[in-house]
Amino acid sequence: MSTAVALKPTQRLTGFMPLIALAALVAALTIADPDFLTQRSLIAVARTAAPLIVLAAGATLVVLCGGIDLSIAALASLSTVFLALWLPDLGGLATPAVILVAATIGAVQGVAHVLLRIPSFIVTLGGMSILSAVALVVSGAGTVRVVDDSTVRWLDLYLAGYVPMSAAMAIIVVALIAVVLKVTPLRSWISATGYSESAARLAGTPVDLVKIGAFCVSGACAGLAAVMLVSRQFSGGPTMADNLLLPAVAAIVVGGTAITGGHGSVWRSLAGALVVTLLRVGLPIVGVPSAYEQILYGAIIVVAVALTLDRSKVSTVK
Amino acid sequence: MTVTSEVVNAPRRQSRRGASFRDAGPPVALIVIFLIFAALSPQFRSTDNVQNIVDAAAVLAVVTCGITFVLMMGSIDLSAAGVMGACALTVSLLVANNRNDNDFGLLGIAVAVLLGCAFGCVSGLALVLLKVPSFMATLGMSAVGLGVATLMFAGVQPNISDTMVKGLAIERFLGFSYLTWIAAVCILVGWLIQRYTRLGRYAFAIGGAEEVLLLSGVKVNPYKVAVFALAGAFYGLGGVMVTSQLGAGLVQAGDGYDFSAITAAVVGGTLLTGGRGGILHSAVGVMLVMVLTNGLVQIGVSPYWQGGVEGLIVVAAVAAAVIPQRRRNQVVK
Amino acid sequence: MSVPALEVRGLVKHYPGVKALDGVDLVVQQNEVLGLAGENGAGKSTLLKALVGLVAPDAGSIYVRGEPVRLRSVVDAANHGIGMVFQEQSLVPNLTAAENIVLGSEGPAVRRGVYRWEVMRRLAQEQLDKIGSPIDPLARTDSLSFADRQMVEIAKVLRIEERTQHPPVVILDEPTSVLESKEIDTLFAQIRRLREFATVIFVSHRLDEVLDVCDRVSVLRGGQSVGEVATAGAVPRELHRMMIGSTGSDDHYHENAAATVGSEQPRLSVRGLSGTTFQDISFDVAPGEIVSIVGVHGSGREDVCRALFGAEPTTAGEIRMDGKKIDLPSTRAACAAGIGYVPAERKLEGMVGAMSVAENMTLAKQQARCAGPFVAPKKQATLVDSWIRRLSIRTPGRDTAIQRLSGGNQQKVVLARWLVAGDIRLLLLDHPTRGLDIGARSEVYRLMRELAATGVATVLLADSLEEAIGMADRILVMNDGRVATEVACPNGAKPSPLDLVKEMV
Amino acid sequence: SEQAAGGNDTAAGGSAACDPSAVKLVGQVRNESNPYEASWLAGGDAFAKSVGLTQERLTYDGDSTKQQEQISQILAGDTKCLVMNVLPNGDSDTAPIVKGADQAGAYLVTQWNKPADLKPADYKTWLSHITYNGVESGQQIGDALATAIGGSGGIIALQGVLDTAAAKDRFVGLQNSLKKNTGVTLLDQQAANFSRAEALTVTKTLLTKHGDKVKGIWAANDDMALGALEALQQAGKAGKVAVVGIDAVPDAVSAVKAGTMTATVSSDGSWQGGIGLAIGFCAATGKLKVEDIAAANRAFFAEQFLITKDNAAEFAAPKTNPADFECGNVFNRVAGPLT
């Protein structure tokens, strides 16, 4: 039964919940360690969060369509390898080339999902292993150093001396996706696909294309995240971004996007990514011991999701 | 009354055919893959190796038993890694070991399994009380489990000297290690639960149509929690088994089991959306995954490529298995 | 006179933006079949849900056999002997029929959490025997036909008998909307049998049915009781007048407005179309023509319809629109070719429940609300509002989630989806009036006529044979996946239902 | 400017010596859940205590990005008297850590992983890079294994995480050893990712694949060697196959002592945890001038020993000598410059 709830003020609040959670977390960390709330510290968080934001923003589209993309991190790793390998020859063109290739790989997975009718969870889980293997082989199972990083260094610089370029870039990507969704019928198509794929299809929605498109954007975002990582690490590595998978998914869900599809937004993922980043770096920095850090991370993330999820939009929580 | 008989018969004939096809996919895939490896490698088809595959499958089978119930409900469980770590440390600190003077034997195992159960319970409660999607609730619980395990680890590896626990991995009965028999019992118990208990059937029903259960006045929340608790108990047992195999309590005891178990269950034909599949499906899935891992090593695929080839074959196997169910307007998430 | 089985006084229920119940009064006597009639959104389902503890009323009281009660849950209601068959089927598809029947009240079938399948089968069999259904209790529910599932639902609701010493109250919310006439007859036989030992509340939008099976009809309008009619001697018109407050048109099917069928090139021409459940289907539909396809469950007519919309694969045959051969690899292609489809399963396939009325209405024809590639909010608002008005859709606003609307209004939104762009050439309507009240249905018929008049070809899978005959210019009878015969159906020379039934089986 | 927001600090570089009590000591390793790294952090704690400070313990779960994130967060704080003793997750992680620390003027000692062309000598506050000679240790245990199986027969190799220098160097060592011991054949090699559990399964499979041809198992670290030992026990081959590893974790040393394992190579976690902080502390407090550090000591191999049954008792309870951490002695264990 759908539960009907009046649009009480508390309800409107759920839209801002990710931001409230973020603010609460910053406050808590500041209380734990007053040195934490410095401009430099927050700038560092923003810079740190940039690749995660981009990864999460892309994957959000897949989640909105009702699927999941578990390959983003492996794809980002592979992209760092490609970028590092291509920079010497392609120079400035390497960045668009890598993003293009990543987008293509994402689209291929989307096509496999749509045509073979395999759940996206499985396609992208398989994709994850395959991409990791390719990355290992292509890189010769080692780090590929970037000697001349002049064409990607801009991402590691600071706008006006303060705003990390990568963070600005991440926000631009989020804004771009959000605006495109807002002003075109895409938003309707994606939501319909996510809420009820069969109804969407019988209303003539290009469900397959929408899904493939979502995977494609997700791939492109993984590529861009890879560029950010390379600009930060001065190298590419076959497992470089692998550990960003669960944080990225966590960011999406903490933002309040329904993992079952339909409801959510990329803005929410932006807030979610900041929350997750704060938890990842903030807890150890303010001196929480490693074991307790994990326990706290687990507990806080569950509570954060409990706060941010708009239950009037999601009938059954599975 | 030709009309009624027509009405009754026509659809039934159809769906039976569908059902038999549907369940045949994974076993057929298993046989095909087995035969291919057997043809490619003589060592692969040796009795020793088949025993080895079955033995190696034991832990994954137990973990998959647990996760199957969760998947049947349409939920997902990523807490295996953390829960197994915590339970592995618990059992290794409770049976005879090099860190303390405990020697609780079987009781230690029971406590570890109960701890797993408790973890599952908390995940379930987070799901039903806080309405946190299971994906996140269990991911969080996994982190908590790892943290608890690290606390118990405290810098010194607990090595177990309990002969009973170590013996589980070493002693054999009819050619298979005790752990394998434990796994077999788990599968049997799991199957009985799935088929003959309210818990199992309701888990299945929740995946089929949760809202209908509510309309029928069934309180589903206790069952959901119970399913997660049951799954947690299986993970706990899995942690004990890993400890027995490794002779030590490792925080990383459960590394990778979360995704492998889900893969195994799905490859076996359990739907991530819930409502279909079961323990026997999962058992087939586990064997499929283990045959693959073992076979790739046996035929000498480069370690660099193994993960990739495995991923490719899993995708192909699932694709092949869904061919009989393919419809135009089918929903695949 | 004995105490009423059930009595409702001044029940009130608010939903955001609507007053679903506005002080309803209702009295149900023991061993009576009470009909409940009212327009879509009149509050029937809400009232009934309040009676089984699913909706907590804001005010008012419920008396069971004279005792005031507060019903908190389905179990609570069942303990008072009240059970309901819901408007949407509510069985767990992947359980056996037996489990569904005993669900929530397993009793001896489950001992300490352990199933005793044999006992369960026996219990279920007893229930099925009560209604004389030949279903195998251990069959999986999703392998049963729609009609059988409805029987399972009734068998299930009769389980409440075991919970109380008193005669049960059985509530049936639009049980017939998904049934065929044969099955409806079976159901009515069951209801008459039920009446021997139970009290029944029956809801249907088919007023003739209501008058046929009920002893008394209570009419709701806008969440209030507006009157009662004893069915003996009553006619549908009278009921209808009470429901909407004025007399409906005599010409229910708007036959006077029937379009002149273009005789030139056929709009749709199907030749030798075959798929998994149908073979060698050939027929034409001219512009402005309405062609009904009739057949029993399993005749494959639904799949033909879906195949014409690209939602079902075909193995052979060709489809031409206005003489041009078209390929339908996807629903999108069908959409682009000017074909529209209204699926029968509205909740699952027709609408996206969580999305707004406006979004649902413009889902298929995005261009209608866009300027270039961009959504134009103003344009969308005007467009949607005009269609809400034109089809008198009852909704708090265009941004309300469609799942909050009553069934009939939802259906209107789904229909409007194909009309907003005005480029529709062929409409495939699968049970378009399922669950619609008589007024709304009449509206849909009028709409169909209007569209036909503008040259739109229509393929209709009607809700009833009467509807099929009333609306169609020509009828295609399907039997076992093939076209059995084609019957012309012009105004004034309509075939009789009996003739058609002969061909159908 | 294009300087990082955090970078406009005066690069300390020993310009003003810090007050010993103002020094902030940071030790960063992968996790606290394995014995080697736990002993590293304990060693760091012990050193910190000896100078009246505490060590800030950071762990990053073997997650490269998390390591970078923590480092940049640390460097965004007060970096004036910051000393970091870091275990980079992989070669690729070293460069950004070094560049960040250099910009912020934090004293840095790295261990284990570093790309060959990145040299401490090119930086002001990157004091030293310490590692063990993986080629040498891989070869040493390879030779020990060859001797143990009598100079001829088949062995299998368990590799570490394939994209780490340690795994690769050690394997190169094995290959060198194989060139020398021509009677020994490498039957198979698989990656078990430095993990005990993975080593267990891989070994079991390889044992059935090659059967009795397997006379010895070469593992790139002790955890995997211990996993292999369990596999042997489960296959009923305990004692029949020689096993060697690297790292000298306590369990492995006792196994060597008990004779179930043939050899391992010492790498002293608690010394590593202390020495990095010690070098940094000496530099920060001005007792050690960066310019004075000999070129050979800016990147060096630390002493390591082959542990066999004969000398296992000495290593059973590794003792760190506090004297090793005195500013004059910090380079006592240098075995040679990085090649």
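Each chain carries a letter (A, B, C and D) given by its place in the written order, and its residues are counted from 1.
Going forward, a contact is a pair of C-beta atoms (placed from the backbone, for glycine too) under 8 Å apart; a residue touches a chain by one contact, two chains touch by 3 or more.
Fair warning: this is a prediction, and the values are worked out from it, not measured in the lab.
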Maximum inter-chain contact count - chain pair:
A-B
Taking each chain's centre as the mean of its CA atoms, chain B sits from chain D at a distance in Å of 36
So, what's the distance in Å between the C-alpha centres of chain D and chain C?
72
So how far apart, in whole Å, are chain B and chain C when each is placed at the average of its C-alpha atoms?
42
Approximate Å spacing (C-alpha centroids) for the pair chain A, chain D:
33
Pull out every residue in chain D that's touching 2 or more other chains.
31-32, 162
Mark out which residues of chain B touch at least two other chains, giving numbers and ranges.
146, 150, 211, 214-215, 304, 329
Where in chain C do residues touch at least two different other chains?
54, 311, 331, 349
Testing understanding: with touching defined as stated, what is the shape of the graph linking the protein chains, line, ring, star, complete or other?
other
Complex contacts: residues of chain A adjacent to chain B:
1, 66-67, 112-114, 116-123, 125-134, 136-137, 141, 197-198, 201-202, 246, 249-250, 253-254, 258-261, 290-299, 301-303, 305-306, 309, 311, 315-318
Chain B contact footprint on chain D (complex, rising order)
31-35, 38-39, 41-42, 159, 162, 188-191, 195-197, 200-202, 204-211, 226-227, 230, 233-234, 236, 249-251
What residues on chain B touch chain D, complex-wise?
43, 46, 48-49, 51-52, 55-56, 146, 149-150, 153-157, 159, 169-170, 177, 242, 245-248, 250-253, 255, 293-294, 297-298, 300, 303-304
Residue numbers of chain A touching chain D in their complex, please.
35, 38-41, 43-45, 47-48, 51, 136, 139, 141-145, 157-158, 161-162, 164, 229, 232-241, 243-244, 277, 280-282, 284-285, 287, 289-291, 293
Considering only the defined contacts, which chain A positions touch chain C in the complex?
1-2, 4-7, 183-185, 188-189, 191-192, 195-196, 198-206, 208-209, 262-263, 313, 315
